[in-house]
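Across the two complexes that follow, chain A remains constant while its partner is chain B and subsequently chain C.
And now, the complex of A and B:
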């Protein structure tokens, strides 16, 4: 069970299964496979997120907004990393580049938020075309290093030779964001029914963009491109020898992921009214890799959760008494544990638990509650043992005593 | 009509000449086998023809046009398909998705700007993928992950992927390597069947002489990069040069 794109027959088959067994799990699976349900789930998710976040997790709406912005970035990045299997270490170019382009555009051309967003995204796409064209000549580690190089190049360009445009190390401060469609104050409040869930317009704007971005990503992954991207990830040489122009598809994956980075970068400028120089620094590129892997590569929703957890630890856990100063360490531990226990990230973990719960319900219905409980205790003991074994075997594996 | 023609085709790796001025012609509908002892240059020859390797000099023409300078995917799009020595499939995708990729390449060409169109809006691709799976007998396995197939079925899937484009010519690099006798037999039957059904031209590289003599119309023997004999299976079998190459030269 995965949320990877499925074809028509697969959906039809699931529907047929649902009719035969009428099980809750099957019905859920067939619902999940429709495009409209993906959009609806995202709408519900972003609508209740700030309420839950603020009331139960010590969050605040500005951070919730940032989570969605990085979520968009990560969803796009996963198309490149998780689906096409290309690790870019320079996506800060597109995020930060779009942030600067959006900022400069707002200050000197138009302050309309939608046009600012468009300008930033177009800039990111053009940059990706050039950077992708030059970096995709080489595969694997060379590609990662080349993208990293372009990232650092853009950082130093913005820091000094282009300081007359970017305002150098101080960051770009002259961002000027006007009213949305000329009437809605984007930094203002929201009218009554909505105000029960959200307290400012900016979040609503970013949330709408998030839903659109997820819908776009979902559509791309269900298009022929989704299948071709995964084919390239699985066996690039074979893809070339069925007659696909692998190089151009890889370039498209790169550009598409950069377009999402561009949307996120522009929203980042609109949200903060400011572009820090660090938005081009290599740590920004590293952050998005960690968020995506943490959330779950090769899944549509996983990266959103990864972005959320990362920013939560960075901003909320770092404020905890005693634990706070060690937030980097905590993030590292969370990352290691997540990757060891759930190789497919948080989303992989969610899917795994969901499958388990469905199986448990079925088992209980067939064998009664007593047998189910006995089985559950047994399973938990076995799982915990397995995890301990896995972690305790890390030193031996690292020393090369025994290959996995 | 000549499908594939090479002229003076040569590949040198440093001082070693792996393929030495090979002239070869394959006619429409012919099943040709390329045999020779280990290191004779068979795989290098196949890699030259599929454009994985750049020849040192010489000419390769496919259906009358030179393919020197083309990318591998362009050659495939012109109708030359390749089946690999190992089961080269997309392991983590389903069997159906494996066939769909090949069908996409066959129906849409090497690249298309359609990332906002749902896959379901291309029924022709779906139909072709199903046809491919039926023709190699894997339709019932379509929902399974390709990695879960047994080795024989993986090879059948691989062959299916290569055949999806209805190629004019198929290059097969040891299609039965590593197979059990039963799997080998069913693969040979499959090759014979598609050859008849599609009027397929093929070039086969194979070690198993039984298969070679069973399915070839013509055999070309390569030794140390050069063609030492060609002709019908009977002619080749009786050729003293071939016997010498394989048995190590009694007279020497």
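And now, the complex of A and C:
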């Protein structure tokens, strides 16, 4: 998990390294570690994303907007799953709950997008306080099942007993979103210099929220507070022995991640002018789990990639002629492969190969090209042998299986 | 004791609710017993248990009769229907055997690699498997609901004392569930095999030190749990239509049943399943149908908060 902030000595070592070798890669690494560069990268990323997405990947701006919305959700979810080590199967409560709260607020209190966003997020935070307080009494699988329970409970609550508020199975349709700050039409076009990159004000609004969310997540994770989250993930008992109130930190991680889900849910309502009942169903919670794990748990940008990949397969690949009908199946297979082979997701894979290439370059520079080639051949032979060994062990594993 | 007319109807009402609750809970129990013994002995969280139920239901359809297809990939390949028409009894015998084997393969090739990894990884990989099974079926056979016909010898009502007419098949579900659960209970409680499994649950290191190989009993436990889910699919299929979503729909209540009853406790799963089933039926029959789903989740939440280890779970299991 090299995307995590390094401690003081490691940074010092990297700096020293950079001075000695002066390699491009090392300079890049030291640039990447600074907070301002994370924000800058995000700004550049969201600015060029719709252009690249629309022109090279068959995408469209509405889908790009949705990718960022789910990206915010996934970044928040990763604070809980990747950094604190808690797997929640009930985050649809906060996403869908915020979506409903935002919708109902827009219809009956104020249609100002910023207030709607605030209302949805506050609702998600309050829900998280209650659900987290109750679910965090138990760890591991019980936490997953308890959050799942509360998630399903809220789905069925919204489905019929509260149908007078939520409009039941038809979803909430009377969303009313006004102009941003009273003047900017959120569903309208954008003025000239920006219009070279995006064609839609809504995308700009969501992109700004994305940058703020990523900056916020980055700040939290790089603070001492975020370090405690990681300590809890690595070893809960030790964190407790050091004198930390583990339960309190877990609850806060839960609430923080729900706040992100709340922002995403409210934006979802603003974007679509509609709240489907399925936004509370547990498959929605499963979706965010898949996105986060695919992209890479324990990294800041990974979940954004995961959200993009998921929605891309769901909306674009599903239109492909032969592959199309199998999109969900493809997603399932990619997900399982990711869990088994790349526990750190796509982002982890990128970081890993980046590190390996960097190490290879350094090795070549120190030992000469001949030694490097010999090493590479040796490595490939070893890997192939290992694969054969696994295959040849299948019969024994089927019949007996060795006791550990 | 006076036997007034109202008294008899009240009694009949209560018994009807109990019987319907039994039937509703029976499917939960079948799934939960399998989940529970796998979770209790192997410490493996199987989110793909619903997928085994799904496989059971579709395999049951395949064996029982001939099902016309109207969308999905198979139609495009020119296959108009599937099924071998051997009848329901054949399905009831063959499905558990096939799903048992699927369970064995799953234990060897998937579960085993995850025993040493965190719970969350187990949940993630089995969740992914569940999606694969569900979506493969949807892609091949289409997402439409297929009616699963009740076996002809068990359709129609049966006249019971006091209760009056009761659907014969629902009674069949209760009887089949009771027989299977009792068989598994006897296997775990009264055989050498069960003794080894129980000992392994308590302290697997000690059992290994005594020179007993645990990997095969564990393999069989996984297979039995899977087979129960498969049977649940065959038995539960005729109660509702079969479509690719029923697996995940049944998984959540089944998991609740396990944790309410206490992990690894067969009796616990039975008690919890019947509680959930009865509560659901009670709410529906007293006019609170809208609250019937909310009710079971609320009950589950309350029990888990008051007694985190489950109704019959031991204190030791609390993590």
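Brief remarks follow.
Going forward, the second predicted complex is superposed on the first by the 343 of 404 C-alpha atoms of A that agree within 3 Å, B and C clash if a C-alpha of one lies under 4 Å from a C-alpha of the other, contacts with A are read in each partner's own complex, and residues count from 1 in each chain.
Definition applied: a residue touches a chain if its C-beta (ideal position, glycine included) is under 8 Å from a C-beta of that chain, and two chains touch if they have at least 3 such contacts.
This is a predicted model, so every value here is computed, not measured.
Of the two partner chains placed by the overlay, only chain C lies in contact with A:139; chain B stays clear of it. When the two complexes are overlaid on their common chain A, residue A:161 makes contact with chain C while staying clear of chain B.
By the touch criterion stated above, A:148 is placed in contact with chain C alone, chain B being left untouched. Of the two partner chains, chain C is the only one that A:326 touches; chain B does not reach it. After overlaying the two complexes on the shared chain, residue contacts for A:392 are found with neither chain B nor chain C. When both complexes are overlaid on chain A, the residue A:252 reaches chain B alone and has no touch with chain C.
Chain A is touched at more residues by one of its partners, and among chain B and chain C that partner is C. Once the two complexes are overlaid on the shared chain, A:55 sits clear of chain B and of chain C alike.
Of the two partner chains placed around the shared chain by superposition, chain C is the only one that A:340 touches, whereas chain B remains out of contact.
Overlap of the chain B and chain C contact sets on chain A: empty, with no shared residue.
The part of chain A that touches chain C in the complex is made up of residues 81, 85, 87, 89, 134, 137-142, 144-146, 148-150, 152-153, 156-157, 159-161, 163, 282-283, 286, 289-290, 293, 325-326, 328-329, 331-333, 335-336, 339-340, 343, 397-398, 400-404.
Residue ranges on chain C touching chain A, taken from their complex, read 39, 45, 73, 108-109, 112-113, 115, 118-121, 123-125, 127-129, 131-132, 135-136, 138-139, 208, 213-216, 219, 248, 252, 255-256, 259, 290-291, 293-294, 297-298, 300-301, 304-305, 308, 318-319. Against chain B, in their complex, chain A makes its touches with residues 5, 7-10, 13, 35, 216, 219-220, 222-228, 230-231, 234-235, 237-246, 248-249, 252, 256.
Of all residues in chain B, only 50, 71-73, 76-77, 81-82, 84, 88-94, 96-97, 100-102, 104-106, 108-112, 114-120, 122, 125-126, 142-143, 161-162, 164-165 touch chain A in the complex they form.
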